[in-house]
Amino acid sequence: MSESRVGIWLIGAKGGVASTSIVGVCALARQLIEPIGLTSHQPQFTHLPLPQWGQFAIGGHEIRRVALIEEASRLVTESRTVEASVFQACREDLAAIDARLRPGVLFRSGGTIEELADWDVPREATPRAAIERIRRDLAEFQSSTGCEEVVVVNVASTEPPPPDNSALPETWNELQAQLDDRDLPLPASTLYAIGAMLAGCCHINFTPSLGSNLPAVADLAKRQGVCHMGQDGKTGETLMKSVLAPMFARRNLDVMSWVGHNIFGNLDGRVLDDPSNKQAKVRSKDHLLAEILGYRPQTHVSIEWIQSLGDWKTAWDHIHFRGFLGAAMTLQFTWQGCDSVLAAPLVLDLVRLTVAARRRGEVGALPFLASFFKSPMGVEEQAFDLQYRMLQAWAEKQ
Amino acid sequence: MSESRVGIWLIGAKGGVASTSIVGVCALARQLIEPIGLTSHQPQFTHLPLPQWGQFAIGGHEIRRVALIEEASRLVTESRTVEASVFQACREDLAAIDARLRPGVLFRSGGTIEELADWDVPREATPRAAIERIRRDLAEFQSSTGCEEVVVVNVASTEPPPPDNSALPETWNELQAQLDDRDLPLPASTLYAIGAMLAGCCHINFTPSLGSNLPAVADLAKRQGVCHMGQDGKTGETLMKSVLAPMFARRNLDVMSWVGHNIFGNLDGRVLDDPSNKQAKVRSKDHLLAEILGYRPQTHVSIEWIQSLGDWKTAWDHIHFRGFLGAAMTLQFTWQGCDSVLAAPLVLDLVRLTVAARRRGEVGALPFLASFFKSPMGVEEQAFDLQYRMLQAWAEKQ
Amino acid sequence: MSESRVGIWLIGAKGGVASTSIVGVCALARQLIEPIGLTSHQPQFTHLPLPQWGQFAIGGHEIRRVALIEEASRLVTESRTVEASVFQACREDLAAIDARLRPGVLFRSGGTIEELADWDVPREATPRAAIERIRRDLAEFQSSTGCEEVVVVNVASTEPPPPDNSALPETWNELQAQLDDRDLPLPASTLYAIGAMLAGCCHINFTPSLGSNLPAVADLAKRQGVCHMGQDGKTGETLMKSVLAPMFARRNLDVMSWVGHNIFGNLDGRVLDDPSNKQAKVRSKDHLLAEILGYRPQTHVSIEWIQSLGDWKTAWDHIHFRGFLGAAMTLQFTWQGCDSVLAAPLVLDLVRLTVAARRRGEVGALPFLASFFKSPMGVEEQAFDLQYRMLQAWAEKQ
Amino acid sequence: MSESRVGIWLIGAKGGVASTSIVGVCALARQLIEPIGLTSHQPQFTHLPLPQWGQFAIGGHEIRRVALIEEASRLVTESRTVEASVFQACREDLAAIDARLRPGVLFRSGGTIEELADWDVPREATPRAAIERIRRDLAEFQSSTGCEEVVVVNVASTEPPPPDNSALPETWNELQAQLDDRDLPLPASTLYAIGAMLAGCCHINFTPSLGSNLPAVADLAKRQGVCHMGQDGKTGETLMKSVLAPMFARRNLDVMSWVGHNIFGNLDGRVLDDPSNKQAKVRSKDHLLAEILGYRPQTHVSIEWIQSLGDWKTAWDHIHFRGFLGAAMTLQFTWQGCDSVLAAPLVLDLVRLTVAARRRGEVGALPFLASFFKSPMGVEEQAFDLQYRMLQAWAEKQ
């Protein structure tokens, strides 16, 4: 494997998912923890040119002033998912990374996210200026850390559904000509993606926000020779849906209704308590059922912010189905997982596999990463096992 | 498709699974119900030479005197899974089938099953005599109904674990020479399998009982040019295990413990309340986890007979797993299904697919049917999706 | 006990609760079923002057044209809660009762309820005219059936929250002078209550609608010498809350959050799918927790109409509480009950106990019936056991 | 309140319940935690002469060599129920208490418990010698700490069901004459109770073991003027049963079956994995249902040791009941609680209330403490609310 350094640049770098990812990389590099939850550590992927844990340099954008180390300490004291000794051993690493974080971008992020911003976030007048700042921050990170590859991962809170962008041009050439228009309907997540690509970085959108999911930005990725993928990490309830729905389909059982209630109390949840932000998330959690089943059962997805739960997301799903002779039967499940603990290893798997893809010369969207996403860009297959087979097939080819 | 008649011969023909299967065939033949729950009705299987619902003739062995129609009526009045109008429309069919049922065989069936026998069941002195009676019953069924193919399906209650049969010969020639030995350790389920094969019938073992799972009987199947498969239909909780365990494996999550509690109140449950009968069932419900995960989490499977539930089996599973950074998380599910409604379509799929295999010239064990079984004979793969892919691959070849 | 006839007049007489209550009375009068679910059949209440099942005459108001017998038959074919033989034996009773039903009143019932009205419902111009029609219908029912006592029970769908009625007068004398004002903010449920009282009938409000819960109507009840009580029958999830919350309080456990999700698919559910109607219901399901606990945990109540569930209401509650040393713990429950089967016996208990109270000379509100209601009029006690003790204490006094 | 010191002597002093109780007392005395989970801190009990947290001295018997501080640290690192800062602040207190612990007594404790004993536990030849050692240890504790009152609380693991003791005498005079007989069927829990009483201490049996539940020992309590009570603290699943069963009874619902599955992984659980120890526990968890309901539904209680759960006990209960018209419905609950966190405040409440009772001159059994026990000695009432009313009534009298 290459010994060169590899960069991870996190959008939303002090959030739960980011801080858990950071503690995880540090703990893995120091060999304090086992690689549990990391798909890329399975035997069928070891032959790939994956970066090793000691090779990573980490930076990011953030809109909140709070210290990274303080956010990370909540994993020990609040969600109680990380052992105090592991956290202590990583304190210095966290301080060093905190020094590399830069103020983020607010642009059509919605009122709820804007209210969270208490760092001194510059407010550029045009998309072009914001993109330029992002690009500069990344270039500086690359030169100061000597990273050959940098993967930018968006793990920020969910934006409201993107404004109507049907009038946007399909090519980068045309789009870039319009970047001085302050009314251009591009949200912050897309500006980050463009900035990353212009800096020669790959881009992973772990959120349901728009990000790189626009023809003109996909065009940019190809021109720049970088990889990108999204959207919305598949961590818990939706993972379960993509595992269970194929069972019903293959057994030819008739799913009449599928109700999913999600409760949790972290910052992402507070942002989702804003109906406009929630809308994007619910859509991302819901669409796959009809795509797997081939028909449209009645579905309901609720997401409620319940403060006492903190980062512990509990999902209760009630699946009502008909079997032979029309008999109605029921499956219920309760999933109790720590949101950031579920998300962080996917973030790290995505970074490692994206780097491996780059090293093997891939450019553009990476459909073989579909199994990591609720709404995989450009991929129709939603069944988890078949998405995982895409990953295996890709790995076997290498 | 061929217009010839096809026979289904059910061992345990008045039990819940059998009577539901019988009502189902009648209702499908009369086009009273949709083919929900039938895998073989999916588009990817329609090109196979599957028998149609109107082509079936049904018979079977049974040890209880109760009228078939009475057992079937409980689907309407007790488990309330079948509509009264459907049942009424099938009354005459049921009466005709009841007239074709023959007394079963009791041989190392265990005390609990023997106590259930209130029909006038002949007690042959030797395995050979019992086998001969089974063979004769099947020959008579074939000649009286004009069936070209007959598939014998064992849906009787679970026998105690088979006696030590390590001393039994590996070939049919040797085994058949010993059939007059009344101490030969062959349970009834195996005698049925032998009788079926000697009559030229295929044999499906839907139970965890020994059945055809012996080298000498597999040898007989090949000699007779018939197909066979087993064991133990995968209907509910174990289906869920074979769907969920691969998810944990693929995400590299560490399953620490998997506890499954099953409660139900039908006749099969009463038989399983006998610890020796239960032992065979628990083993069949438990082994697959370690095989899928590649390590052995602590597991616990309980099966309790709770009379009030009747045929409604409720399973509660509690899965305790570690994710990234060692954080412990939990998945619980509650499965509430009607046991015989879940089993019956699998029985019918197995019959149809076995007939199709025969028509295409297959002989011996049918590993492509693995997805239907908790303990598929001769198949190591336990993940449901990969087993289903075996079925698809076989169908694509045809 | 008196041998005179006793009348039950149901508002919403063809709905699920009403039709189940009607089938229940018929089946009890014919001794086809056991008195399961009826509080008033317990030994501690047998000395009260309760009417017997054979004594009842039944009538009611309704806004839908559908035949009562058809609605009742769905208990057999859809919710599958009533045995076909019981239903058959009551067919003639149902037809006779259907002939006694009269078109209901629509007045500030909300658009969703008004859309359901397909019977030829007269639309009076003023509250007074509507009340007068109700009174006449009841008087005719009394004279034609010879009932000495009639209890009017509102089991109709939930109205939107009442309009602001703070300007309404506190006495009946003043209110009745305004009844020609077509802008008077009185919903149909209150007109029914007034009409009932003017006809000398007792009134039970089994819904969260306003009904008799107004000072001027309470004044009318006293003037007319009749009894009344409400609101909102306590059947399932809220019953559980009023049983479990006192446990947490008495053990001094700190309930941090209590989330309750309710899904069901009957007509009441469809009405509650209208946010304005839902608002009244949610309030009624939610307030008691803070009243029992003495502080206000974060709560969430959702009610979703899921068609496939029909009358089977499933509630999932997640209770997050802190115990000793601040440790967070969780209780979850899933309640799967048939809504009308849970409600109907409460309706019948309320009728019987109200008649007994009348026979013993009670007038006005009946606080001893608090245990039957989510929001008992004039009663602060919300703990089920203490409410039940009020009922016992009242019975012991008689 | 008196300023004198009050002693708590714990049998099984290094177990989970004891170490949590000890940390709790220290943290309460240092005002590090709120009194959550403590019944005796409610307003209706403040007028009682309850000892304050700073007044307590703690000692105990134990059979294992492990350091108390190490056991207590697992509350921070394993069950993650206690904050690290709270634990750190109590370290010195724990060391001081550890120095006061004395080797316990093994006598008919069963093989599983005996195997745990790795401290240098003396093995007296006769019950009298063992009792004498217990008495001496307590006298020394009293004199060294200057405690006026000492309450001995048995929180050790469950013994096998007591041997047949029907031949034992009913009076203390007779029993004490036989104490040199080494075949006397008295288990360790009873020897502790006798030793405590002979030392003038009150005795609380928080376990299902026999303890003081013998006529001759009750006789001794009266002679010595001490108080005692038991058996088996009501912490989780059984608390739920005693809260929910009265609801079914009062609504006249017919409980057909009640299945309870308990899984947990602490030391108590490992002892209960021995079928003979489990038997006593299951009986104590099961009997109350029939006593509350007045009839005997089918019940099933399972307790399984699942290592990964540690001290987190998860109970799944499935209650199948019939309502009106015979319709079958279901309530399920999942209780996820930390066993020792649930038990410890009850232990401390019991100590405080027992001291208050002593200070008010009570002698013998204390039935007003029934709400704290699964099998309250001498009390038939099993409904939690009515037991709690006994506590309130007693407090009001004081």
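A, B, C and D are the chain letters, set down in written order, and residue numbers restart from 1 in every chain.
Assume a contact is a pair of C-beta atoms (placed from the backbone, for glycine too) under 8 Å apart; a residue touches a chain by one contact, two chains touch by 3 or more.
All values reported here derive from a predicted model rather than from experimental measurement.
**Q** Does B-D or A-B have more contacting C-beta pairs?
**A** If we tally the contacting C-beta pairs, A-B comes out ahead.
**Q** For chain B and chain D, let me know how many angstrom lie between their CA-based centres, rounded off.
**A** A distance of 49 Å separates the two centres.
**Q** As a quick test, compute the distance in whole Å between the mean CA positions of chain A and chain B.
**A** 45
**Q** Residues of chain B touching 2+ other chains?
**A** In chain B, 83, 332, 334, 336 touch at least two other chains.
**Q** Touch graph of the chains shown: is it line, ring, star, complete or other?
**A** Its topology is that of a complete graph.
**Q** Which part of chain D faces chain B closely enough to touch in the complex?
**A** Touching chain B from chain D are residues 256-257, 259, 261, 263, 298, 300, 302, 304, 306-309, 314, 316, 318, 320, 328, 330, 332, 334.
**Q** Could you list, by residue number, the parts of chain A that touch chain B in their complex?
**A** Touching chain B: residues 20, 23-24, 27, 33-39, 41-42, 75, 79, 81-83, 86, 239-240, 243-244, 246-247, 250-254, 322-327, 329-338, 341-342, 344-345, 371, 383-386, 388 of chain A.
**Q** In the complex of these two chains, what residues of chain A are touching chain D?
**A** By the definition above, chain A touches chain D via 77, 80, 83-84, 334.
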